[in-house]
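The two complexes that follow have chain A in common; it is paired with chain B in the first and with chain C in the second.
This part shows the complex of A and B:
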């Protein structure tokens, strides 16, 4: 799983806008599809999961991902970073960054664990919310990719 | 301190949805609850980020602990929740 990086440069979008949560999730699905990580059908699974339970994790970050039933739409483990500088109302929580996740098997556990460990550092979380340069995002989230090379 | 050690029962581990259900239940408890794994220190069970950072997979042993008059019932309930299959409660997935 060491080949293509889990977070690829063109999966980082730092200046998106969305009027609401579902629109933000559709953008997330498009980005994951653009980098070849998922089929377009994955977006519907992300929306379904979000309606079942919020993927807001704190620190202005949400981690949209599909249901177990949608694993066949996942082609490879990947995350994206989609930043909404103006924020998105996420069931009452202000979301500034979405980290949509595509993973097969239980690969998402390692991805989520590494991401959560980074976000537990308030400085790192703020740096992610304020990121203007994809290089900064890649540097910040580098441990996420490393965790999956097990 | 009341403690229960159980193995994570959800096929996908204690990740997004199972973690969210667990955190919501812990946040609703009348006492402060912590959760830890064998190699990671105890963290507040009501913190989604802290619970996700544990990286508990199916079969990982986690220890749930709390203090106080209702701790026993709370810890029992949460331990049963973690040991069960939290994915199976998905209505339409």
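This part shows the complex of A and C:
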């Protein structure tokens, strides 16, 4: 199972809309703050990081997160899944799903590993972009295989 | 800097915070190199360990990586999943051959 403490059900928002990238990142920051993973100040660090290097990772997915300095605004390892069915223009790339990350340790590694596997599988990536049910998202992100974290 | 694929024992995937794309790429490399005698870890770009043989990072961080880890083979990537530079690295570690970076 996906670690319920890292991906909480109410951190899965499947019907959001945003006019642009920065608005989408602000929503992502609010969701992480709502589940108690970060302080509101974390959003500014997510925006700063995105302006220096895009977190677009392909297949209509971006993984916004803060900078090294912003780890003090992180209370615990967490990810969220925020879907924008109408898409968001992400520096020319159409983003449908954001997976915002807050991490102090390695609690989120298994879920990100599962996400990497999804991005390499076009069918799974489409299922994630089209997900209408939080249970589908949780099932898709079940960690694959066993990882050693170093 | 160049290194032979057979000499690679430790690959570091570096990013600014060490919490996002580097984690995903490291997990992917670990899976694809599971049968090789190679350690893959992810770290922030300013704390690359001294025993790293190869450093993979986003091209926007390559200059910081070169300063942080002088003399290491640095492989800049543009996309974190399916980048040709990463595929070449995997092929060289598995089958031998030079890695330039």
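Following the convention adopted for this analysis, the second predicted complex is superposed on the first by the 129 of 150 C-alpha atoms of A that agree within 3 Å, B and C clash if a C-alpha of one lies under 4 Å from a C-alpha of the other, contacts with A are read in each partner's own complex, and residues count from 1 in each chain.
By our rule, contacts are C-beta pairs under 8 Å (C-beta built on N, C-alpha and C of every residue); 3 or more make two chains touch, one makes a residue touch a chain.
Please read these numbers as outputs of a predicted model, since none were measured by experiment.
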| item | value |
| --- | --- |
| First (chain B), second (chain C), both or neither touched by A:63 | both |
| Touched partner set for A:112, first chain B, second chain C, both or neither | both |
| Chain B versus chain C as contact partner of A:16, first or second or both or neither | neither |
| Touching partner for A:49 - first (chain B), second (chain C), both, neither | both |
| First, second, both or neither for A:142, with chain B first and chain C second | neither |
| Overlapping contact positions on chain A, where the chain C interface meets the chain B interface | 49, 52-53, 55, 57-59, 63, 65, 67-68, 108-109, 112-113, 115-117, 119-120 |
| In the complex, chain B residues that touch chain A | 11-17, 20-21, 47-58, 87, 90-93 |
| Contacting residues of chain C [partner chain A, same complex] | 16-21, 23-25, 27-28, 30-31, 39-41, 44, 46, 58, 60-61, 79-82 |
| Touching residues on chain A, where the partner in the complex is chain B | 48-49, 52-59, 63, 65, 67-69, 106, 108-110, 112-117, 119-120 |
| Touching residues on chain A, where the partner in the complex is chain C | 49, 52-53, 55, 57-59, 63, 65-68, 70-71, 101-103, 108-109, 112-113, 115-117, 119-120, 145, 147-148, 150 |
